[in-house]
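Next come the structures, one after another.
There are two complexes below, and they share subunit A, which is joined by subunit B in the first and by subunit C in the second.
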Partner chain A sequence: MSESTLTEAPGAHPSGVGRPAPAGRRRSWLRPLLLVLGLVVMLALPLYVEEFWLRTGFAAAGAIVGAIGLNLLVGTSGQLSLAHAFFLAVGAVSYVYVSGEPGGLGVAELGGLGLPPIIGMIVGVLLAGLAGLLFSPLAARLRGIYLGVASLALVFIGVHVLNSWTEVTGGFNGRSAPEFSLFGFTFGNRDPELYVLEVPFREAERLWYLGLVLALAAYLFARNILRSRPGRALQTLRDSEVAASVMGVNVQGYKARIFLVSSMYAGLAGVMYALSIGSIAPESFGLELSILYLAMIVLGGLGSVNGAVLGAIFVSALPLVFQRYADLIPFVGGGGLAAGEAARFLFGAAIVLVILFEPAGLAGIANRIAGRFRRPGGRVTEHPPDTPTRTSEPSPSDPPAQGSTT
Partner chain B sequence: MTQFLSLLLNGISLGAMYALIALGFVIIFKASEVVSFTHGSLLLLGAYSIARLSEPLGFLLAAVVGIAITALAAFVIERVIINRLRGAAVISLAIVTIGVDIILLTELIRRIGSDILNVPHPWAGGSVRVGDVGISENRLIAIAVAAVLIGLFFAAFKYSNWGIAMRASAEDGETAALMGIKQGRVSALAWVVAGVLAAVAALFLVGSPTPGVSPSTYAVALRAFPAAILGGLDSTGGALVGGLLIGIAEAMAAGYQDQLLFLGRGFSAVVPFIVMIAVLMFRPSGLFGTKELTRV
Partner chain C sequence: MSAPGAAIDVRSDVPPVQVEDVTVRFGAITALSGVSFTVEPGTIHAIIGPNGAGKSTMFNVLSGVYKAAEGQVRFGEHRLDRMRPYKIAGIGVARAFQNIALSAGQSVAENLMLGRHHLTKAGFIAAGLRLPLATREGKLHGARVAEIADFLELGEKLHTPVGVLSYGDQKRVEVARALCTEPRLLLLDEPVAGMNAEETHRMAEAILEIRAGLGISVILVEHDMGMVMSLADRVTVLDFGRRIADGTPAEVQRDPEVIRAYLGSGDEIDPSEAAEAAAAGASSSETPGMPS
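Presenting the complex of A and B:
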């Protein structure tokens, strides 16, 4: 609907561009072209880029999956959840247990089913979903902030279980995650040795493609949900539960289902996290992780899938980049701040600034820049600076990719 | 039995601290509709400044200055950020306080580093015995101070101009504003009071039997969250009951941890959250919270 605000803008006669054609028709070939170009660059990247960036990319892909999931819950449906870390942990632990080999690690006797990793991944996603479903009766009864604090409980209970249930989780020290493999093709350094254009394709390169595929799938799935009946129902539910139920939306049912979907996303993100780090430990799944995910979707722009992607890349890559280039960035490294601290200061400040001044987040900023490109004359203000949960409809920043060709 | 009584006494003392912190949550929520996630770092700020200042200033002065610093920090947060967002959605307000919390906490942890800071309480680590029941002096004084403060708070809430203004604006902000009650002032004062309460709680929480100021002091405020929630976020009495309930439950779980070993070590830290979930199952707005009514 807000799509129309972009296309049928009154001042859409850019003198500089000299083509008064409606923006809609122009985008019909420009956008797919850009998408294809972007995809080609992404696919070719492992040929040129060093390992660090590929690993960062995979970590970011995991974060993207998780952030999209959380955004469906918090941004689209207005259910504040701080339990995301818990669902990530469920996914990660299930994967490690189902696909890991049983064996001793020091004093701890570790269990494991030794099943193929793809099964571990699926089980991880399903179990995380199940955990979400189990929590959803409580979640559906609680409103807004009560839910936020109640979900806090899951994180602490989760960390406690991770610490105590040594047989499965490896306890305090955690345990290592098995390599991913698909039908005999491992995503590790060997087995089979692989060279593409004389570039050795090792773990980082292989995981990069895995991350790309999973993140893309997660992205498309979320966009399709948002653009279909459930998506509209959820947005109505966010804006007013009463209005939603009057319109025939099953409020409890939708709340439970979006919790299920969101925690399945988190489960997949957890599996990817385990793969990216190579191991799991209780301390990685604490409140801090939940807050980081919250930071991602707030910075990206609540309710926008594109925003979640941008926010996830920003938040997950920044500390790694800081760490790597510590000596190049002023105030960081040496006598100044540690990389992690600098990143945290930045996130904190960014959250506050975004909520104060740009409730639509990075997606809103990107949108405005794009809008200025389209119409050099006028500034675009699709986002009145109101409450972020309300202004941030997903539609303005998610114009259909192919939809306008019809 | 003696063990039970002594645990009960310790639980009440811990609960009194939780109640102080939870009262802070509640009045902030009532005055500005904000669920403050900044409280953890405010608590740590209080503990940190008292500990750092007590060497040059001596305990008593350090305590006063430390409490003032915390109150000032709360005041600044309210003025600079929360006040600008009046009327924003509850969720964005909560998220903004998380942002502030990240900044403050990172700075405090960086400053504390690996030091163990101690607050030199004049009563040190002494303990008192009543019959067979023992309790550390620190905890006993904490009960007394908390009782006085909570009493003062409730009296002020009921009789003082501020209390009346605050209850009026919590009831119906717009009407209160029309009656000449300055919303901004009410909210700022609520934050200051919450800051003071948190700092006082911090003062005792870092004393015996807990070892000094450490980043884990922060987690205490998170355990006071359940106290505020299970009492009902908009009920001051609920915060008191919730605090005591949580404190006693936690102390019991810690005291009987040998019997509870099958639930894992350190189970007591999780107990507040389990109690909260159990209560919320049956009463979604807490024990004494007002039920949200929907008018069509």
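Presenting the complex of A and C:
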């Protein structure tokens, strides 16, 4: 049939190594250029933009981390979880307790270990991961909406603990989050005082960079996973558990591991949330937060890391923007809707629109726009249907096309 | 029961498959009752039978998806009936599904790379941080995947999402993915169902070539009688979950039980099936030639 015959050797065969992807690689310089440009803009932003946008940016960065984590679980692996708020809470509380100073606040006597914030952050991520791992045996046995309902229980347990374990969580009133610092450099207003090009770099500016680094790391890690062995295993078990297991994927094991990874992402997002608000309180980690995270990944596009980023920015920034520009937007502020409520109405409408018209979410829309730019002279994916393969486009080091030899 | 035409180099590490008295029940329904057969190393063994005979159930037992209520399945020193599916894949048993079970959104290459899962090691940390282990592994196995794709005429489509491929191409991706696990035993569940004559012919050639080139055993469930009779070294016939015949294609075709199962008894003969059964003998003459 084909020119190549199949032989036993499973080792490396040089024949296939250098094979170029058919077309599409020609304009490969454009992507890195855009990426570098985007990064430079991001880095320079604190020099030009006021504090509100930087704070919003850090909040969005935290949401991005959390949304990427949830999307790995729900979008990529097909495990519905409503427990994301719980894992965020574990991360946030661990950070506040481990790095916070013990002391009294009003009636409450607060505990705290007073360790460096970076330790608090790491412990927060690890404990959230541990919580996810402990929950994962349940997750491996339940599917779809049943898993969603089971995970819901965690949220209510979490809120109850937050309300009642006053020594650690600050109880009903919550407690403040310690400033982040790294090797003596504080992500606060002073200590040291810092000026870049005569622009004062205070808490908002410093946190902006922290958010940028953490979100970028979370993004790259998730992208790499999805493009390699574990990502393929996860996507296949979402599409068909039987097929995945027959192809050699330990389905239970992978379900547990992705729960671990996802809740670690949530833990980091929780720490960033605490830093962004400057305090934690029980009502921040209720069911509504879980739903908002689901809204992010549905709006952004299930299973897409880019989608999680876009969805997280949209959902986390919109209420803040509404709040700030309440007097400019009709029906919001004053006698109209509260900013948060208006944003929620908009999410609802946006989700309905996305499900009706673009199930791939914001990522799908972005792809379409990018595709429009690429079309002229760009990537060609369709071959004319009836043309034999041997006359397909000549690319430099392509092996001879395979026609039938028999 | 030597292979038709050619002497085959059987891989030395391919053990026989021994199915002994396997019974599978779903509640009150007995899907398989006391089925036994043996697949000799390096042979193509067909399992045939009317709809609902238990062929797919047998495949699910062989790949560990269903557990047998009684009986055992041996593959060398391994007891397949006691192993979980992913462990079975790990000892070199691969399966191509009848209803295509590929990830439609992923490219052909990515689907095939899944076949390399048990041969590779990169976990979340190595993959997420792009450690050298993960990148090296990806390159090495990508090369073999490209080779197998070429073999099944999918080389041009490596980077195309599976969802946009034609049905015949998707069936070939199924087979290629199973091959990518470097199996010692290949389970093919109706590999040519729904294919046209030309595609069927090429798939038959590919199966012969797989057996010849790799020296592995192949178990085939198939409705296309012409293909079964021309390819198989041995045929097991199931009907209502029981084994009603087992032998070479020629023996099986003469078996009165088999004729009764396929043609029905008395006067309820379905003319199209009768023609098919009659054609089965004739079509073995058009055995696809072995490529040089």
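Some points to look at:
We adopt the following convention: the second predicted complex is superposed on the first by the 350 of 406 C-alpha atoms of A that agree within 3 Å, B and C clash if a C-alpha of one lies under 4 Å from a C-alpha of the other, contacts with A are read in each partner's own complex, and residues count from 1 in each chain.
Basically, contacts are C-beta pairs under 8 Å (C-beta built on N, C-alpha and C of every residue); 3 or more make two chains touch, one makes a residue touch a chain.
Given the structure is predicted, the values throughout are model-derived calculations rather than measurements.
By the touch criterion defined above, A:Y146 reaches subunit B but does not reach subunit C. By the touch criterion stated above, A:R344 is placed in contact with subunit B alone, subunit C being left untouched. In the superposed pair of complexes, A:V352 makes contact with subunit B only, with no contact to subunit C.
When the two complexes are overlaid on their common chain A, residue A:V242 makes contact with subunit B and with subunit C alike. In the superposition on chain A, A:N250 makes contact with subunit C only, not with subunit B. Common to the subunit B and subunit C contact sets on subunit A are residues 242, 246, 389. On subunit C, the positions that touch subunit A within their shared complex are 11, 63-65, 84-86, 88-90, 94-95, 97, 101-106, 110, 113-124, 127-130, 134, 137-140, 142-148, 150-153, 155-156, 158-160, 177, 179, 181-182, 202, 205-206, 209-210, 213-215, 288-289, 291.
Across the interface of their complex, subunit C is touched by residues 1-8, 10-17, 19, 21-22, 24, 221-222, 224-225, 227-233, 235-236, 239-240, 242-251, 257, 261, 303, 381, 383, 389, 392, 399, 401-402, 404-406 of subunit A. Contacts from subunit A toward subunit B in the complex involve residues 74, 78, 80, 138, 141-146, 148-150, 152-153, 156-157, 160-161, 163-165, 241-242, 246, 287, 291, 294-295, 298, 337-338, 341, 344-345, 347-352, 355-356, 359, 387-390. Note for the complex: subunit B touches subunit A at residues 35, 81, 84-85, 87-92, 94-96, 98-103, 106-107, 110, 222, 225-226, 229, 233, 263-267, 269-270, 273-274, 276-277, 280-281, 284-286, 292, 294, 296.
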